[in-house]
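Let me begin by presenting the structure, written as structure tokens, before commenting on it.
We just call them A, B, C and D in the order they show up, numbering each chain from 1.
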Amino acid sequence: MSIFIAVQRDDFCVASEYDELRCHAACGAVVIFSGLVRELSNNSLHSMTLEHYPGMTEQALSAIAEQAQQRWQLGAVRIIHRVGTLKPNAQIVMVGIASAHRAAAFAACEYIMDYLKNRAPFWKKEHTAEGDYWVEAKASDKQALARWE
Amino acid sequence: MSIFIAVQRDDFCVASEYDELRCHAACGAVVIFSGLVRELSNNSLHSMTLEHYPGMTEQALSAIAEQAQQRWQLGAVRIIHRVGTLKPNAQIVMVGIASAHRAAAFAACEYIMDYLKNRAPFWKKEHTAEGDYWVEAKASDKQALARWE
Amino acid sequence: MIKILFFAALRERLNCEQYLLSCDGHLLNVATVLKQLQSRNSVWQQELSRADLLCAVNQQLVPLTADVQDGDELALFPPVTGG
Amino acid sequence: MIKILFFAALRERLNCEQYLLSCDGHLLNVATVLKQLQSRNSVWQQELSRADLLCAVNQQLVPLTADVQDGDELALFPPVTGG
């Protein structure tokens, strides 16, 4: 089982991450989640800044990956989260899983995203035509976590 | 909403598929599943041949994609399934989803795989050191479908 | 005529890819077609009695109670194993 | 000393990134530290009383009942919104 975690300002390449994930010979299933900066409905988003708590972010992501590994049989887990200022459609986060079977790969990928959304110390601030706003936490993210507990 | 379906002998490129999926501006979430030819535990798999029912396969995959689209708000669905003879670690199938939110993207991707595994007319024959064997359908795939019904 | 197609392990065990059945203009259902095919010999009897047999009429999965008539394409096959 | 860090909207509203609190060798818990900070003024009172406030001691999320002592790093922040 291999775990790779990165918190970085630079963009990441899903194709390279996929190549790393698919080279696990005993794994028949790869699931990748990628989260992108979404346009606001009125198209007024200029950019978004991701603040984090350096040091804790890497620890939190590692801990979440290890929890997933204890829960399912996984061949590889890769998590990359960007920080800094991002434009609409930029990549924010990627979670990739390789596993023998698809059910474990899907579950682990969604589990990691649900924990990351609730437990990893990142905060988004939107820069819009109307001003700058901190993004509010969503009740749906809290609910998503509840089903794993 | 865009749907792309392909049944082909040629390999596919997950990177290009991802690029197609991430260009939907209103979509903040992309989920990709990729299924690979897995080694047998005794390492005796030479190759695998995928037979299909030409004409019905494309229809079955389109119907499954449309069902998913009716069930969740999706920006794009891409399904590619290969046929012919494949070596260990080769790519067999890819399902990619773009959606505004991750819960819909994960659910639709897993739903499509669960339906595909039970309803799309593909059959695998393994060529091993011990002989050629048709792969048996798995009870776990049938159970996976039951939860969506 | 009804065009009957067999796939995968079933095709190999019956040693038959395609079978044309005359239905004399009658409306049949899949179960009655299966009965006719089963009567050919003991191998067909056994293979076409399997509880997990799947069937498609005109490329749509259907239950054994589905109608089938002249000009239809009926496919019979084992549980699918793609993906 | 306890090093206290504030992040995101909370950091902006308190206009404070880092705060050093002397605890005179006492073992405190997060709730008692929060009480001390709240007593600074009405803004701190309000912001540090929010029910959704999260806290981490030495970079691990903890409940308000967790212990905190000399040399610890205590971080206070609003609900996270990454991903």
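Throughout what follows, a contact is a pair of C-beta atoms (placed from the backbone, for glycine too) under 8 Å apart; a residue touches a chain by one contact, two chains touch by 3 or more.
Here is each chain with its UniProt name: A, B = Molybdopterin synthase catalytic subunit; C, D = Molybdopterin synthase sulfur carrier subunit.
Here the structure is a predicted model, which is why all the values come from computation and not from measurement.
Q: Return the chain whose centre of C-alpha atoms lies at maximal distance from the corresponding centre of chain A.
A: Using the mean of the C-alpha atoms as each chain's centre, the farthest one from chain A is C.
Q: What is the distance in Å between the mean C-alpha positions of chain B and chain D?
A: Taking the average C-alpha coordinate of chain B and of chain D, the gap between them is 48 Å.
Q: Hey, how far is the Cα centre of chain A from the one of chain D, in Å?
A: 26
Q: At what distance in angstrom does the C-alpha mean of chain B lie from that of chain A?
A: 23
Q: Tell me, which residues of chain C touch at least two other chains?
A: Within chain C, no residue contacts more than one other chain.
Q: At least two other chains touched by the same residue of chain B: list those residues.
A: Correct list: 35, 113.
Q: Any two chains that touch count here, so list every such pair.
A: Touch list across chains, by label: A-B, A-D, B-C.
Q: Which residues of chain B touch chain A in their complex?
A: 14-15, 18, 22-23, 25-39, 88-89, 91, 100-103, 105-106, 109-110, 113, 140, 144
Q: Could you list, by residue number, the parts of chain C that touch chain B in their complex?
A: Listed in rising order, the residues of chain C that touch chain B are 5, 7-9, 12, 52, 56, 59-61, 75, 77-83.
Q: Which residues of chain A touch chain D in the complex?
A: The contact residues of chain A facing chain D are 35, 50-53, 55-56, 59-60, 81, 92-93, 113, 116-125, 134-137.
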